[in-house]
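First up is the structure itself, then whatever we jot down about it.
In order of appearance the chains are A, B and C, and numbering begins at 1 in each one.
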């Protein structure tokens, strides 16, 4: 016998239950969100967390081990590592968010058009993307940034451009699948102009896969920009960016002053990890096949 | 099918180096060059020709094996690259080999009991592996195992500075020293690669674990495996079926991973001063060595194409559904 | 004593949805049937009625979140529901064999079919490989595969649908099963091939004295090849009996409309349809599950209808079923848009 259970349907209750439901389905996504929020807060309100000015140096306190005064010690220029690590969170988001936005803005329309139009345009684009895949992405990013000039803006533009094929490919395959479906055919038959079909009919249905990718691509962007900085390309010292800080710390690692290089690396790992957790969790939730519920 | 790909790759490489504001002439000539010298160098490099002509000349040269001269080392790029390739291949081979050897079984095991404790912990670990910057890992390992524990040799190249390298046969210190019974050199050349190989193995294992798991899960829910279960086949037999049916997509994936891993390997070479192709290339890019970069990127791309070909051939051999072209 | 006797089998899907609510879909309720050697039972119903689920529940092939929550499955003296997964695994493929839909994609694509036949025999019976190989050839002959010596080296993707299905039947026979379950064995095959396969099945059932269960949505197959039939709807068996009894004297309104919808029995000009949707498995109505779409519904239908015996071996789950009556005149055909 089934009884209709009277469930409290107040808005607050529903929100709490939805959050519980999602976090039950994917604890990884929840953990990821928490980490991202943590760094987001650090990035936005760094002033409230830093103990010292990140770019002023204390010439009499070079390479001091972590202490009560300098929680993460000081680096080779006598700057406080802790505050520099906190400030560096800004670069993480400052590069990743615009880069991913650019990738989406380029990749999604390209994928839509290539998938919908097909034909020569599609062939050429796909061959071009396939050609790009032959190069290791790090080397590619490095070469282009080194060649086009070493500024933060360039890094963002290059990363955004280089990552757009991922989104283009995802959207394209969704569009290809949907192109022959009934609702698209009837939209065409009804005489809708192409741009309308693309953006009103196809886009909302093919965007899911792309959205699931954003967090993971953001993680990649953060990683690569730090790698570039580590190699001395794109961002120069004394900017407190994590990759650049690791570069500084490299020479001191084998002489025992581990704190200069290790702490920025830990921060980098955590942010990238959080983004990856979130991205992986979201992919689980969005793609029901991946969920094998007990 | 391969030829257009090669031409496309060459073209991309060609354009890649030219899109920026690099001034190869200025770099070669130096700040004290006269206008006349500028002209001579420009002519020599062929940069006064229209772009399409430059490409033709370039393509011709490459076909004949001439990759130009590096202005940093004043030697033909091809020689520089050839000398270092074996070195990098060693590192790559061991790194990926170990990464696959650990990664595939872990991914499979995670797929057999999805959402179990093993699965959840490996997922977290592999995501962590995705997030660790390779160069940082190398530095930390140097710090812990060299500075703190004194177990590993310093990250300065492939052999101890106190030991003279073995006579050149293959270019691989390990093989050469074994071949000439140079035990001191053999020991040294065995202990040096351990840390970089471990780094590379960890970083390559993470995506392999994740993808193997995903592939295995798909295979497990396929008609064939469901039917195998309905036939009452023993669990061991069913797992064999899953493994063999996952082999092709996993191999294909590893093939594409190798491309990305070449990039990571370059970073490791840089950190450990390995003296291989990766380090050479990174230096060239950062210093703006025009021709060397061109040659380096081209060789990398060709290597990737070769790997894809090899994977295709292997797949055709093991898959009865594919015909050899 | 029947070979297979299922009593009150209940299978539910239990999980939490995205709003963290515990959900339970009652996919199979009170399934009871029995089967003797040498007889073919047809299980028929619309898509989603629970036919395949019944077979999977019997064989222990359920995957989470599906769970058996009640009932017994007596097979050859044992209750299958009390056995461990390993014990069930030994029975599957040997005493109980399955033939499934999509034969071409169900065979292992990386193993030659001869080797697959040997494998299933070795898996359950062991012994020297030569014995298994000989048996494999015998079975291929039994199912009508021409030139078995050559064919055994074939890969699954080289076979046609009909040929692949014959291989599946051969696989099922390798270990001399007592019960053969065929789940939609001919769906997707050409019509001419369908007839061949079903003829083959019928011959083999008699030859090997197996009990057999054919799951299908095609009434014609049931009429031609089965001895007994069980009609399923919304996870319940609503009518069962011999094919003659049920098809000629259908007592349940649902069965009657099913039979009336087949093209062969249409009156000119009128096409009765079965209106409405199947009930929501998460919120089953109290009483008869067909109440929302039945033309004969009255107040009593809100209580659970018992199985009423119509004749010897023929029963139907309907309050209005009358024993041994010919087809009643309908008040008016109910047609929904």
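Following the convention adopted for this analysis, a residue touches a chain if its C-beta (ideal position, glycine included) is under 8 Å from a C-beta of that chain, and two chains touch if they have at least 3 such contacts.
Please read all numbers here as calculations on a predicted model, not as lab measurements.
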item	value
Pair of chains joined by more contacts [C-beta pairs], A-C or B-C	B-C
From chain A, the most remote chain by mean C-alpha position	C
Mean-CA-position distance for chain B and chain A (Å)	24
Separation of chain B from chain C, taking each centre as the mean of its C-alpha atoms, in whole Å	55
Length of the line joining the C-alpha centres of chain A and chain C, rounded to whole Å	51
Per-residue overlap in chain B, given as positions that touch at least 2 other chains	none
Multi-partner residues of chain A (each touching 2 or more other chains)	292-294
For the chain B and chain A complex, residues of the former touching the latter	5, 8-9, 12, 16-17, 19-22, 114-115, 123-124, 127-128, 130-133, 135-136, 139-140, 142-143, 146-147, 154-155, 214, 217, 221, 256, 259-264, 266-267, 270-271, 281-282, 285-286, 288, 293, 297, 300-301, 304-305
Chain C-facing residues of chain B, complex	222-224, 226-235, 237, 241, 244-245, 318-321
Sites on chain A touched by chain B in the complex	28, 127-128, 130-140, 142-144, 146-149, 219, 223, 226-227, 230-233, 243, 246, 249-250, 253-256, 258, 261-262, 265, 268-270, 272-273, 276-277, 280, 289-290, 292-294
Of chain C, residues touching chain B in the complex	59, 61, 88-94, 97-98, 100, 102, 105-110, 119-120, 123-124, 155, 157, 168, 171
Sites on chain A touched by chain C in the complex	1-2, 7, 14, 17-18, 20-22, 24-25, 285, 292-294
